[in-house]
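Here the chain labels run A, B, C and D in written order, and each chain numbers its own residues starting at 1.
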Amino acid sequence: MKAKVYVTLKSGVLDPQGQAVGRTLGKLGYEGVKGVRIGKFVEIELEVDDPKLAEEQVTKMCDELIANTVMENYRVEID
Amino acid sequence: MAHHFGVIRFPGSNCDDDALHIVDTVLADRGSTGEFLWHKETSLGQVDALVVPGGFSYGDYLRAGAMAAHAPIMEAVIAFAKSGGPVVGICNGFQILCEAGLLEGALTRNESLRFICKDIFCRIEGRPTPFSKSLPAGRHVGMPIAHAEGCYRHPDVERLEGESQVIFRYCDAEGGVTAEANPNGSINNIAGICNAAGNVVGLMPHPERACETVLGAGGVAGLALFESVLETLSSGATR
Amino acid sequence: MIQHGPKVDAALASEHGLAADEYEKLCDGLGRDPSYTELGVVSVMWSEHCSYKSSRIHLKTLPSDGPQVIEGPGENAGVVDIGDGQAVVFKMESHNHPSFLEPYQGAATGVGGICRDVFTMGARPIAIADCLRFGNTEHERTSYLLHGVVAGVGDYGNCFGVPNVTGDVVFDDSYNGNILVNAFCLGLAKSDRIFRGYASGVGNPILYVGAKTGRDGIHGATMASAEFAEGSDEKRPAVQVGDPFMEKLLLEACLELMEEDVLVGIQDMGAAGLTSCSVEMAARAGSGVELHLENVPMREEGMTPYELMLSESQERMLMVVTKGKEQKALDIFAKWDLDAAVVGEVTESGKVIVKMHKEVYADLPATLLAEGLKYDRPRKRPDYLDEVAYLTLDSVADPTNLGQTLLEMLAAPNICDKSWVFEQYDHMVRHGTVVRPGQASSGVVRVFEPESGRSKGVAIAAGCNSRHVYLAPYEGSRLAVASAYADLVAVGATPLATTDCLNFGNPEKPGIMWQFAESIRGIGDACRLLETPIVSGNVSLYNETDGEAIKPTPMIGMVGLLDDIDQVVTAGFKEAGHRIAVVGTLAGGLGGSEYLKHCHGIEEGAPVAFDMAKHSKVFAAMLEMTKAKILSSAEDVSDGGLLCCISECCLGGEALGANISLPVLEGRLDELCFGEGPARFLVSYTDENAASVARMASGCGVGLLEIGCVGGRELRVSVGGELRLDEPIDALARAFHYTFERIS
Amino acid sequence: MKAKVYVTLKSGVLDPQGQAVGRTLGKLGYEGVKGVRIGKFVEIELEVDDPKLAEEQVTKMCDELIANTVMENYRVEID
């Protein structure tokens, strides 16, 4: 079973990485770029077969380690 | 004979002063001079050799060197390199030259995932380049490293090795190329390479930090790299 | 009456952290009820953090004058003359609470903040130091916090491009729920080109430069209030994210601007952002300011005046420029791709007036805000002091296997090699680092004298033994100063001046307040005696969790000067055959020692006191020897005592052994080997220099005892002729170097 | 218009960060974790209204800047 986790910064949190990329895109001549936000995309290969169990487990992993919920949100998808 | 170095200055470069200090002050009695070249410029002016210094250009936010590779001045740098001019990229400069396609491969996060600043040894190998000519191949020298993304990767490293494009390799104090002597997980302990023509060199260690005894880096091995360029330029070998 | 936002009353004021009497004082001062924005502004200005209300009357007693002092406390950082038209600018600051919440960003923004304080005064930062305190290495959060904090300190300074040259890391149970992250920054300036935070010159425009303002770090207590029903929690992140790249641009742009004749005053926006910046600049100059907030570069839509005034977004500066010259400034900022805007002007009203789209949101007298509050909080000697006062060693057996005990000590988290930490910091960038972390107890940076090109050196020492302060708040604080002084002397630097960062528990508890007052008394007395005035500093109170306070930790940062960089000395032994000697007293004491704590779990007794009459002679002798360049190595004997110090000198350079022979034992063996005390140095020198060393020591009236010589691959120690220890250097190295692999 | 870009390491490329997270998850007691790979998740806000045009543009951005195709793959999604 495979889980995909999308970790993104909470909306008010500064994203220097995204800002820098946005600025550079502008300089490269891409005009209509209004904003860039950069997060993490984590793929986890699990032994579990039950999607519900997998989701539960991965959610716990996110809370405990993968995301810092003080400043990040995450979304879990089970394939 | 006077030789003039250009030191490229990106926003976020922070070893720019260090590099200029060597070519403009420490080596002044050898006829060396230098100036900064601002990233927004589109021409280099009269320079004989280029240093792309270390630092965190544009914050190195996406990948080290990715954004600097697109700076306005890079077109002129690429033209200078293509015409055979000597170019060295140190640390972030190495990353930039890879991202700009002047050097092959890519530099990724250190295997330890930590920034690492310490003295290492590396062995001089491969073909003679303007930056390593005066050092006999097989000799090893001490220099510091200071980087977070120095783990060298190449999709076809055998070819690179076959073409003798590996110029610096991490080794131990005795010159042995061992896994323990590899500070960042680089494939084949690679610390520095050159392009196919040999005039563009990139390395992660900081020769400009190993040029003055007072700085406690335990040696002045880095001077040889800069002296090598001066010799090369004096012999009129390039361009 | 200004009508905006929720109705202000005592209850809302209390949610903002203002006590009933403080709210009353505000209403009296204004002669009316404050508006919502005004309440926000006042609540941060009158917070402990900004107003120093509990600490001010005590801080006032610290010595801050001296012929070398150009600028003492009161500005963003202290300024000290180093001759040749040059000055060093330095300060230390805490970022404890943010780092506990989000260790990486908290530590990173701590470094960012202190660097801004320094370059705001016209100095280019040339060195960083960091003092870290974590809980027990076995505590479940320690490893996570350690990784995050060290990476955060490192990444910010590395990217910003300033070498981190010294610092310390200590683990202790009392920090389990409240770590300390104190960052120090030192910059170099021209002594006649110092910039200050003054909003002077009526009509001069006020410029905002740097990162756009977001809703970062706005006071938590106010989040629930009605006006922001739609503003979810998420929009007001408690954590501030640092952008070292932005700060690097800001640095270069500010220094470039300072070369021009444009700038009247400048201050960084740190805690309480735009609020404290505008208030302090107006109050210092005795002027007023009027702000037009619609011009502030904003990161998010729909920001209110309240939010704009209170935001703690990082990497921002406020400056006053000469009217008519603003374009010059704006051009420089454009060159560096920085946002900049005129957001107000200087007035003569003595008031801070905040407008947005012409409407008034706040109209406050600057002095009312800046003078803030002042409390003389009750103090009482805490009871625990009686329990820890007397040390009984009856239950402590003298070590039978000295080698084993030494290996145990070298592996102690507070003694062991810290390269896991400082290798994550670039300690060489800017081609100035002469003594780096791990080479001595102080860091040394080379400074070129502009005219002649001659090089001198600036040395930095930072740290504090909080166990000493816990056991004896007054004496322990004197010792912290003496220890920083010794660290500087050991590298050959003459101490010049001091900064501090006073980390304590809840000042509303009389016991804590007593510790605080005693500590300041100790620091003040020691700095007066040693003529190292306090030129800047920072106070961090309320360092507790669940009512458990940290050990009192008055971190001391001291700066010294080497007239000639070649007189620098490092700790490591240099060559076989060099003689080894102790300058000062041979034995220390066991009270409050690392040995008793680590090997026996005892934290009791009094540390050996600092004795100015006796110890200043030792310092003088050391300075004379280093000036004469006759020492091959020098290190002050501190935590872990004589044997740990000798081991570190063996391992510090080329990994050389030593043969040591100590005199006949009079007291305990452990006291001789691991006892601690101020002003003791371990030095080595050549045979040729031996006579000069002896002459200088006796000339200063100081004890000098040769105890052996460098050489071999073992450390051998005999006491009274009897061999008590014989360990291969490799074994010492393994013990010393391995610990962080385990705890990280 | 919003574009989402998933940047992942090519399959042969070592991912020390993913490995470290995998190890830590193991230490935290999560048993069936067979592998973790960490990539980037980039959200780009565009002014363009035409999804095809947007996709074209973002693909160019990826080739030019956002991904290093020596070692990374990317996938573009337009919302």
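By our rule, a residue touches a chain if its C-beta (ideal position, glycine included) is under 8 Å from a C-beta of that chain, and two chains touch if they have at least 3 such contacts.
Just so we're clear, the structure is a prediction, and the values are computed from it rather than from any experiment.
Under the contact definition, subunit C and subunit D share the contacting chains A, B. Pairs B-D and A-B differ in how many C-beta pairs touch across them, and the larger number is found at B-D.
We define each chain's centre as the mean of its Cα atoms; on that basis subunit B and subunit D are separated by 30 Å. Subunit C has its Cα centroid 35 Å from the Cα centroid of subunit B.
Chain centres here are Cα means. That of subunit A falls 9 Å from that of subunit D. Counting partners per residue, subunit A has 16, 20-21, 24, 28, 38 as the residues that reach two or more other chains. Within subunit C, the positions touching two or more other chains are listed as 243, 245-246, 337. Along subunit B, residues 58-59, 61-62, 67, 70 each make contact with two or more other chains. Every pair of chains meeting the contact definition is listed here: A-B, A-C, A-D, B-C, B-D.
Listed in rising order, the residues of subunit C touching subunit B in the complex are 151, 154-155, 158-161, 243-246, 248-249, 252, 336-337, 419, 422-436, 439, 446, 455, 565-566, 570.
Looking at the complex, you find that subunit B touches subunit A at residues 58-59, 61-62, 67, 70.
Interface of subunit A with subunit B (complex): residues 16-17, 20-21, 24, 27-28, 38. Subunit B contributes residues 62-63, 66-67, 70, 99, 105-106, 108-113, 151, 153-155, 185 to its touches with subunit D in the complex.
Those residues of subunit A that touch subunit D in the complex are listed here as 6-8, 18, 21, 24-25, 28, 30-48, 57, 60-61, 64-66.
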